[in-house]
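What follows is a set of structures for review.
You will see chain A twice below: alongside chain B first, and alongside chain C after that.
The block that comes next holds the complex of A and B.
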């Protein structure tokens, strides 16, 4: 087996061109997931009567169905939903140009949001209860205590998990290639459409994914070290 | 008018009655020590004062502000009451993500909107008094237990509260560090601030307290001056407790 190295080298910039889009996709989905996880966490921790049960049920569903299947569901179902909303509050449904990018984003945000809800819960619970009590004892309100003392500590505790989920999500974005999103993997496949260098195309894609993940991990390690400086005794990543 | 007044404080925990209608009043400037066996409700009583564990029924009045236990959901009111107090915790509970200086200034800058420079000045003055000024930039994780507790006391003092609540401040400390904290507490007592201290340190009670209260089974059994309660207890329960604490150090009899 001999690889077409010339093609691989020439293919790199072609595939790299899709990286900004893919990173943008991953970041938006990630931030959406964090927002959803935060909201879900509030519903559960504050014991909000109806919402808590709803959130738990939804999370069970989102964690119980494979992401690929959820992507396909969104791919087919969201257009129907949007069609139903046609005319509602001035929204005009355009069947000619559905934003597959957005549909996939929604699926990713909800799926990862369900898993990250557990990160939110566990990292909040890991903060010593005495910290909030001390905040109260100096006269802080609940909001002040959470914002200044508890949530910063919870965030630091959550960083290793949050790092993992970002890297996971970035790699899983390759699934979006199967629902009409022209991200990294889709671009790599298309670049080998006119020749037989299919394996070479996949190797280039793999290399780029790997590089981004290594850089992300290094970046998070630095962030982790900086944010943990008040803990003094604990070894960091 | 007493600076702190508790009326008929009752609390049940896990099906058991932990506080059975406690009445207590403190005058301004008084240093009161509460003694008692574990389970007597003394820590629970302390925590009902600043509503960390609100009572089931009863009223807490501090400096004229009265809050009934039933009002514990009224956040603003409870916060106002809390701002008249400060607490020193058994486990220090310093803000782990803040420096020593920030631990003391946070209450001032965040709650009372004091300017940062003025707050830092006050904080450094307090730290100097406890010989910890050079640790101002350190994080709590870098300090010993005794140092953390002294910072905790500074944090409480910075707020100029009407009454400082001490919840077994030396119980979590290594014996050799207890002394420095007690010394700090005695100095605080000298400044004339009202203190309510739950502790096992009988010597501190004898030397610094204006009044000693003995609690058992959720009720105040006996109270009086340290000489009255510790040296000449009138109740059998008090005597029994003191015997177990002081063991072979007793050289008196009623």
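The block that comes next holds the complex of A and C.
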């Protein structure tokens, strides 16, 4: 099998330069997803009528449709929405420079937000009910009980799930290359445009993704271990 | 000219005609992964010999890189690889490359699901099997497999649903499944009304996912029907 090894070596720094951008994209999408999941979790846990049913229906839809379809839908539909918003509150629609980055971000945030809602719910429910009752019994307000008693414990429970979702999101972010986001995979494809060494470019990209994922997995495992010391006194039930 | 809802109504039956192909993209890797996943799992819970490290490397690669890149690597790399042996597969359908890469990808994930289920098994169960004179195969078929499958089933369900939704990526190498057809219709309309075609595709994928969900809920119920009796 003949590969252009010289090109592969020289391609590594080129593709690697796109890694911060890719990680930034993944991190932005992740933050958005956590925020949405948190809001959705509040809607469901607080039993807000109508909003709760709406959130559940939306989550079911988001989980039942491929991310690829959602990405393309955002890619095509958001410009129409923005066009409709033209002139609203002084917003001027500019069709020349659509922000593909932001379009893809919306799709990722909503898709992963739907999955992470389950994490929010399950980790909240995993905290013993007595903990909140104890907080009320010493005179804490609902907010204090949540912020000081429930959230820290729920977070510790949620960490393995949350870190897993980040790795998945990072890997899935390669799909964004198909909707004009110039991330790692798109950079690798572009870098091979001059010499038809497409396979070599993809091998380099695969190597980088693999390395980052393995490192992230190891790092997160270490973090999880560190968190164990907060777990030993939790009720096991 | 067409209106959006007309295009939706027009695209839906055309896309539905490609459901069997999407299901094929889904079913072949699922079945292959049951065997290959068990095999990898069997290797990885055993002694740490060369085979163990090879299997671990395989799983690490296919879990640690995006599925999209794996599809590209198979599509562009495999013909080059087998060309060394004088075999020409350049004319193969893109679908075959997609299925091959997805088989490897999905087997890795399934093997991990099986492995964690095996590790969660009570080892006393296996010892009890040996103590009443079961051989290795009997032990596996009568004791390990039914229990491990029950533990792995919720995990497996999520993976299968992910697999189904992952088939929507096959169009990037030119495979003609539901999504491929959707892209084809979009290009036939010169880039207008994509949203309606994609919505039709979304409806189809959603219905298949719901069906899959129901199937697995039924299986979960069936596999845990002895729960509480044998505990």
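Following the convention adopted for this analysis, the second predicted complex is superposed on the first by the 230 of 237 C-alpha atoms of A that agree within 3 Å, B and C clash if a C-alpha of one lies under 4 Å from a C-alpha of the other, contacts with A are read in each partner's own complex, and residues count from 1 in each chain.
In this section, a residue touches a chain if its C-beta (ideal position, glycine included) is under 8 Å from a C-beta of that chain, and two chains touch if they have at least 3 such contacts.
All values reported here derive from a predicted model rather than from experimental measurement.
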Notebook entry, point to check: chain A superposed: clash or fit between chain B and chain C?
Noted result: fit
Item checked: Contact breadth on chain A, by residue count: chain C or chain B -> C
Next item on the list: Would you check which partner chain A:185 touches, where first means chain B only, second means chain C only, and both and neither mean what they say?
Entry: second
Next item on the list: Figure out whether A:104 sits in contact with chain B (first) or chain C (second), or with both, or with neither.
Entry: neither
Next item on the list: Tell me which partner A:69 touches in the superposition: chain B (first), chain C (second), both or neither.
Entry: second
Check: Of the partners chain B and chain C, which touch A:37 in the superposed model: first, second, both, neither?
Finding: neither
Note to self: Nearest 10 degrees is fine: what angle do the Cα centroids of chain B and chain C make about that of chain A?
What the structure shows: 100
Note to self: A:80 in the overlay: touching chain B, chain C, both, or neither? Say first, second, both or neither.
What the structure shows: second
Notebook entry, point to check: What is the contact status of A:197 with respect to chain B (first) and chain C (second): first, second, both, or neither?
Noted result: neither
Note to self: Just checking: does A:29 make contact with chain B only, chain C only, both, or neither of them? Give me first, second, both or neither.
What the structure shows: neither
Next item on the list: Scan A:18 for contacts with chain B and chain C and give back first, second, both or neither.
Entry: neither
Note to self: Nearest approach of chain B to chain C by C-alpha atoms in the superposition, in Å, rounded to an integer.
What the structure shows: 24
Next item on the list: Go through chain A and flag every residue that touches chain B in one model and chain C in the other.
Entry: none
Notebook entry, point to check: How about chain A: which of its residues touch chain B in the complex?
Noted result: 128, 130-131, 133-142, 144, 148-149, 152-153, 156, 229-233
Next item on the list: Could you please specify the touching residues of chain B with respect to chain A in the complex?
Entry: 50, 52, 75, 79, 82-83, 85-87, 89, 91, 93-98, 106-107, 110-112, 139-142, 155-156, 159
Checklist line | Of chain C, residues touching chain A in the complex | finding: 60-61, 63-70, 72-73, 76-77, 80-81, 83-84, 161, 165-169, 172, 179, 194-195, 198-199, 201-202, 205-206, 209-210
Next item on the list: Going by the contact rule at the top, pick out the chain A residues touching chain C in the complex.
Entry: 1-3, 61, 63-70, 72-73, 76-77, 80, 171-175, 177-178, 185, 198-199, 202-203, 205-206, 209-210, 213-214, 217
